[in-house]
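Letters A, B, C, D, E and F mark the chains as written, and numbering starts fresh at 1 in each.
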Amino acid sequence: MFVHNKRLQYTVRVSEPNPGLANLMLEQFGGPQGELAAAMRYFTQAVSEDDPGRKDMLFDIATEELSHLEVIGHIVAMLNKGCKGELAEAVDSEAELYRKLHGAGNDSHVTQVLYGGGTPLVNSAGVPWTAAYIDTIGEPTADLRSNIAAEARAKIVYERLINLTEDAGVKDALGFLMTREIAHQQSFEKALYSMSPNFPPGKMPGDPRFTNVYFNMSQGEGDARGPWNAEENFEFVTGADAQKSVDGDGDAAVTLTETEQGVLEQLVVRTASDPESDPLTGAELGMGVDEGEVERQRQ
Amino acid sequence: MFVHNKRLQYTVRVSEPNPGLANLMLEQFGGPQGELAAAMRYFTQAVSEDDPGRKDMLFDIATEELSHLEVIGHIVAMLNKGCKGELAEAVDSEAELYRKLHGAGNDSHVTQVLYGGGTPLVNSAGVPWTAAYIDTIGEPTADLRSNIAAEARAKIVYERLINLTEDAGVKDALGFLMTREIAHQQSFEKALYSMSPNFPPGKMPGDPRFTNVYFNMSQGEGDARGPWNAEENFEFVTGADAQKSVDGDGDAAVTLTETEQGVLEQLVVRTASDPESDPLTGAELGMGVDEGEVERQRQ
Amino acid sequence: MFVHNKRLQYTVRVSEPNPGLANLMLEQFGGPQGELAAAMRYFTQAVSEDDPGRKDMLFDIATEELSHLEVIGHIVAMLNKGCKGELAEAVDSEAELYRKLHGAGNDSHVTQVLYGGGTPLVNSAGVPWTAAYIDTIGEPTADLRSNIAAEARAKIVYERLINLTEDAGVKDALGFLMTREIAHQQSFEKALYSMSPNFPPGKMPGDPRFTNVYFNMSQGEGDARGPWNAEENFEFVTGADAQKSVDGDGDAAVTLTETEQGVLEQLVVRTASDPESDPLTGAELGMGVDEGEVERQRQ
Amino acid sequence: MFVHNKRLQYTVRVSEPNPGLANLMLEQFGGPQGELAAAMRYFTQAVSEDDPGRKDMLFDIATEELSHLEVIGHIVAMLNKGCKGELAEAVDSEAELYRKLHGAGNDSHVTQVLYGGGTPLVNSAGVPWTAAYIDTIGEPTADLRSNIAAEARAKIVYERLINLTEDAGVKDALGFLMTREIAHQQSFEKALYSMSPNFPPGKMPGDPRFTNVYFNMSQGEGDARGPWNAEENFEFVTGADAQKSVDGDGDAAVTLTETEQGVLEQLVVRTASDPESDPLTGAELGMGVDEGEVERQRQ
Amino acid sequence: MFVHNKRLQYTVRVSEPNPGLANLMLEQFGGPQGELAAAMRYFTQAVSEDDPGRKDMLFDIATEELSHLEVIGHIVAMLNKGCKGELAEAVDSEAELYRKLHGAGNDSHVTQVLYGGGTPLVNSAGVPWTAAYIDTIGEPTADLRSNIAAEARAKIVYERLINLTEDAGVKDALGFLMTREIAHQQSFEKALYSMSPNFPPGKMPGDPRFTNVYFNMSQGEGDARGPWNAEENFEFVTGADAQKSVDGDGDAAVTLTETEQGVLEQLVVRTASDPESDPLTGAELGMGVDEGEVERQRQ
Amino acid sequence: MFVHNKRLQYTVRVSEPNPGLANLMLEQFGGPQGELAAAMRYFTQAVSEDDPGRKDMLFDIATEELSHLEVIGHIVAMLNKGCKGELAEAVDSEAELYRKLHGAGNDSHVTQVLYGGGTPLVNSAGVPWTAAYIDTIGEPTADLRSNIAAEARAKIVYERLINLTEDAGVKDALGFLMTREIAHQQSFEKALYSMSPNFPPGKMPGDPRFTNVYFNMSQGEGDARGPWNAEENFEFVTGADAQKSVDGDGDAAVTLTETEQGVLEQLVVRTASDPESDPLTGAELGMGVDEGEVERQRQ
């Protein structure tokens, strides 16, 4: 069960309203790398987890991410607060309000007109949050790696936002949020490596013929070597001939019943294209091919 | 530039048509962990990458994933081939066709009616593929971790599909595809660790006050310890009092101009709720509260 | 700040695993009328609310909805628990696992293959949750009505799920969740009517010429009267002539500069269709119109 | 059956082209609170409704909303008309056209480049309309409340657009559209309350132990009382101890067969995390932990 | 302005309820090739069209498609009518209701539980309709071709549904709807070819060096010739060497300022991968590489 | 199988970075008419095609579109290259970086903050690419028409982008890409008309009573005639009376069992609206109707 305390986990002191900046901050509220995505990622993993240690950790961090969602939400709300009343109360002239929305040169008009200067679960382009952002699949050796990567991404987006922000209070709160992603990543790393073995993920081993093969499928100037395809670790296979149909003839086939085969042939015949034809086409009609040409082509 | 060769990278030998199984296979064709997601993830990273080694590797693997998209697509096409003609040619009775679509107990009806037994870019529930599945953010220490996690997830979904499939040819091709995810994960791991340092991701260090703190925010029976929150590595903070407003008063505040403040107050007054009232409500009207009650309540 | 306690708000006692039923329950986990939608609806309103009473109420109910999300999530997890291991461990034969996934006659295959029997934020069709489900616009006289309606909808979906469920423990927990929607609806109703006036919503009055007009735009047998169009309350306007262009000529017009007008005319001329022509078309080519016909038509 | 008359329901007189304003107007054309959402909401309800009075009303209002979609569409088209030709005919220099698209400081570039200055069904951020905006569930006591709320929201978005618009003709037509939302809301209210009882929605009563309980789940400074949680109407429950596991032990449980239990245990053991370990992690490798450290940590 | 008449354009006589069939029919109600897509496609084109003939035609056909949406909607409603009451009234046992939902072996459970047996704007997989299905771009030589194609697609989906349906009344109404797509396609073809020239679409000619070139980029067994790449019409270019960098060196380049160049180099250096390294990776840790190996690898 | 060569198909020479222009170019990278949509459209058709000629052609063109995706991606990458490092390295002041993001007056802030100046698969509004853009249905007479239309649309969007671009290198590469759409359209036209007959699409003929009927459903000033509704080709039906219920009574009906009928009646009675009532409504409460009024109304 969740309980809420009205104190934020971290204090938010915004120096002045700035709806353009508020709009950028939405990236971490309702964006793909934002705090709702983080909270829901860990919360849903926690609910179905059977390992007691991971389950507890996932609830701990999910709860903290919800608390971060609240912090970033308040940053957005404070940055919008000055102008929230302006559109609702319409104390300015229409021209003035219109200019304010557009002068900023950003997407804050969506936030203002559609959401009233509130805190919607959209990213900075106004795209609604979707659970398609969450890549949990219910297997801890994969999900923990996904969590590690998610924390790394969130850290970077915070870093970018900090680089864009002059407001000392916003910078300070963002710094806290960014730092926590580093801490969480470390916990997920510890959890992953406390499972042994954890690679390859899952239960089924790979086919040893292909587990350490590197196919050099992009060729030409710029071809490079490094530990990711070095001979110490990988069999390096280059050239289309060695790469195609590595196991047989590279065909696709299926065994059909006679009836299925017959129906399929009927379909193929009915929809066959005639490679010998040179048909007059709609494009040619559209180019204004003249009648003689039409006649000639149709012979 | 891409070139295509009609031989598949791996041979597809399906023993008999099975549209229900075809539908499951879509998970790796147009699903979130599938081959299009993989190919586009690496391709888009390759295009903007400036490190020559990583750029080459990303093009290599992107190209292979496109080739895998082709393999899994042909598995789907072969599994659907027997019935592809049946709906188009309508040689069976309507009842028979209807039964075939529903008898399978799965979502293959979507694939049949809407896509004609083809190979649409949807997952096994019929949800269209979306680039929201791709979590690339343009920073290699994050993106490589995302790639590592993506390979782990794809490996697992292949493992599940193999566990569900009796068809030896399908199993064999899926085994190849699954194995290649293991190989790719190893390349991405090598690439990540050949960047040094790569943690924390990005350029900006964390705030040392919070980098190694673990907030135990989920409490009660089941609370657990492990390396993810062990004292060797983390300062363990428990209890709401120690967790809230870790830096100040936990308030959110913004400095408004006098005008902004005035407009906001006007808005607040206009939309104030009266905590002392006990208004008659629509719900009460809807319950059929009688008139005496209405009168009483409104006094 | 949020805190989590490992006790659920309501006990979940499932009598036996049932992945088909689990799949239906997802409707209230990651579906449009489900608990995540409710929690995020109220949470985001709370963050931007300036009225102290409503703000507190919104945080109270948002927190409870998060706790409900946890309850319904555990119902799903328990219903899936029996089979969660089966696919991962693959102790059954492939045929048996395939049969289990499809025998249920529902979409649980998505949950099993893609999400490993977990608790994904999708609805019972497998469609990922989207913030497009949340209709908050940042104006309390509208948002409270939206909340009232949302609670009514959630109540109904729970009622339907209860009607489908034989499992006494699931029924019991669903009954609790359904009941709480009734309680929340009552709170939102009280909050709405404690704002006075609250209709029309917002600040701007309607145009009195049209505020109480009812346009009878669907005509024919079945035309009906009732309080929603009764003469006591509405001016009843019927017939297309009285309904169209109620204020003028019903045209759309804009004043263009001479230059704009000129460019537009150039566009119109360039893309004009010739009403006097009888062109040969692609469809006619496609019907196999013979050459004589082609010639005739093109004269 | 629908019939169309080329006169608009309300005249549209735009004083001059303004693609930036056109872009804002899209909010009520293809946005979540716009006229397509309204028309489709009522139309789909009408089609499945069995009560003759409501069915007629829903068709009446659906038809009017379609007519409003046409009015707002023409506002957008007129605002775009001046520039529609400019990009197609390219009479300006490239630099001039580029400047026009960007000078406005809004998202009109999407409308221009992708939609040619037309009237796409997107909102002002360019997000395509989705039926996920429609919350109809097929139960009139819920759907009528949803309709009431939808009309309230649409009224507000029109109010905001009017506040932003200087163009007298646009203001006038928006005023008509806004007013009609007020009229529709009144009809839906009459329809709702002509059903008696209509609360609680649906057929199943709530559990009396929880129907009038208010859980005070957000605590701390700012805690407030009002009619929504007043003792006259609600039992006020505060404190996590009184709120958690209100009916039992707050656990989640399911009865598994012995086999299911065995497989699950196998899964748990295979994927167990070792709480006693202190594993070396990828993050530590990434920080450049030196070899001695590696060795030490791995002991 | 739209007006509605309660008579359908075509009579719907369903012989008996069938929620599974209802679910399939949704494909043409809220699916990508369905009637809402058609109606909105033509309606939005009509609103922005300046050619009087096309504008009238588009309004004519848009209005008819809305009337078709109503017909297919009533087919769905009739097929669902028998069971609509069953879940709401719950006169059957829970087990019986559950069996009815799942016995059908299709996705009707979504329609029943979430939409109450109504007529939602989703396809047969339950995916909500999206304006992303509409490909209008505001240029008639393109949009008319899109309309022609859309009619062809809708015709085919109706054909498939007819092939699946035994119910004579449903077949009859679907036959009408299918036929009308043929009629509409013919009108759009006439409208396209009454514009002369209409190919290439738009105003700008192609580069003559590449307008009639065919690049044979897929090679190997199965390579084929036909009128689409015949020498009469196309210059046939084969082999990667002749296809790549057809104009220069095939590089991508941009001129940077010295400062930009400097910052970029700083980024490249900071994030460089070391091709000479052979780093220990997380995957290797995860495989349980022993300490000696760790040490060795890190030397 | 695909192979990649590091030379682009066409050289990209960008004269200077321009993130605003980069953002517009995304329309053809991850937008609905862009190269990914084209490549995937043809690739998925190729995989399921059984006609050898069309299959080869579809693979040829799909492969070329992938190569175009690479070209347009490199245009985006070059236009972003100058600023890619600026946010990551943060060498400018925060105010300067903020100004750069907003000064452009476009959505490039999304690309910068979320995607780090990379090449994401989104359109110029930041909306992620979705397979809902692909309208393939698995029937060649429809799919080829869809392909023809898709090429026409892509040609136009390139034309618009060329009209907006001053950069000679960008213009040149766009010109190549635009031209290739013309070439592809011609190939698809040849392929369509080499199938004979190809109209009506599919196998089932239309109902001759309605195949050549034109319903004039939009009436009033502006009604027009042209080849699309001319008497030579169409029976022109005008007036609602002649258009409605063209075959019978225009009703919708279904035969229910007695039990179904009984349950439905029970539902109708339970949810009936009382047309004779004049209920007090929530809106009236909200307007502050006084008690006397309440009493009066409820009598």
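We take it that a contact is a pair of C-beta atoms (placed from the backbone, for glycine too) under 8 Å apart; a residue touches a chain by one contact, two chains touch by 3 or more.
This one's a predicted model, so the numbers in the text were calculated from it and none came from an experiment.
A.B. asks: Please give the intersection of the contact partners of chain E with those of chain F.
C.D. replies: Where chain E and chain F share a partner, that partner set is A, B, C, D.
A.B. asks: If you check the contacts of chain D and chain E, which chains show up for both?
C.D. replies: Intersection of chain D and chain E contact lists gives A, B, C, F.
A.B. asks: When I count C-beta pairs in contact, which pair ends up with more: C-D or B-C?
C.D. replies: Between the two chain pairs, C-D has more contacting C-beta pairs.
A.B. asks: Would you kindly give the rotation angle relating chain C to chain E, two copies of one sequence, based on a CA superposition and rounded to a multiple of 5 degrees?
C.D. replies: 120
A.B. asks: Since chain A and chain E are copies that touch, just let me know if over half of their interface numbering is common to both, same, or not, different.
C.D. replies: Copies use mostly the same positions to touch.
A.B. asks: How far is the middle of chain A from the middle of chain D, if each middle is the mean of its Cα atoms, in Å?
C.D. replies: For chain A versus chain D, the centre distance works out to 21 Å.
A.B. asks: Find the geometric centre of each of chain A and chain B from their Cα atoms only, then give the gap between the two centres in Å, rounded to an integer.
C.D. replies: Chain A and chain B have C-alpha centres separated by 8 Å.
A.B. asks: Based only on mean CA positions, could you tell me how far chain B sits from chain F in angstrom?
C.D. replies: 23
A.B. asks: Could you say which residues in chain B touch two or more other chains, in rising order?
C.D. replies: Only 1-9, 32-33, 53, 56, 59-60, 62-63, 67, 74, 77, 84, 88-90, 104-105, 107, 114, 116, 122, 125-128, 130, 132, 137, 139, 141, 148, 156-157, 185-186, 190-194, 196, 199, 202-203, 217-218, 222-227, 230, 233, 240, 243-245, 250, 264, 267, 270, 273-275, 277-285 qualify.
A.B. asks: Would you tell me which residues of chain C are touching chain E in their complex?
C.D. replies: 20-21, 24, 27, 31-33, 104-107, 123-127, 156-157, 160-161, 163-166, 217-223, 240, 243-245, 250, 264, 267-268, 270-275, 277-284
A.B. asks: Provide the residue numbers of chain D that touch chain B in the complex, in ascending order.
C.D. replies: Interface residues on the chain D side: 141, 192-193, 196-199, 224-227, 230, 232-233, 273-275, 277-279, 282-288.
A.B. asks: Which chain A residues qualify as touching chain C in the complex?
C.D. replies: 1-9, 30, 36, 40, 43-45, 47-48, 56, 59-60, 62-63, 66-67, 69-70, 73-74, 76-77, 80, 84, 88-90, 114-122, 128-132, 134, 136-139, 202-203, 279-282, 285, 291, 294-295, 298-299
A.B. asks: Note which residues of chain A are touching chain D in the complex, please.
C.D. replies: 1-7, 50-51, 53-54, 87-88, 90, 93-95, 97-98, 101-107, 109-110, 112-114, 116, 122, 125-128, 139-141, 148, 185-186, 189-196, 203
A.B. asks: Under the stated contact criterion, what part of chain B meets chain A in this complex?
C.D. replies: 3, 5, 7-17, 32-33, 46, 52-53, 55-57, 59-64, 67, 74-75, 77-79, 81-86, 88-89, 91, 130, 132-133, 135, 137, 139, 141-142, 145-146, 148-150, 152-153, 155-157, 159, 162, 172, 175-176, 178-180, 182-183, 185-188, 190-191, 193-194, 199-204, 206-207, 209-218, 222-230, 233-234, 240, 243-257, 260, 263-264, 266-267, 270
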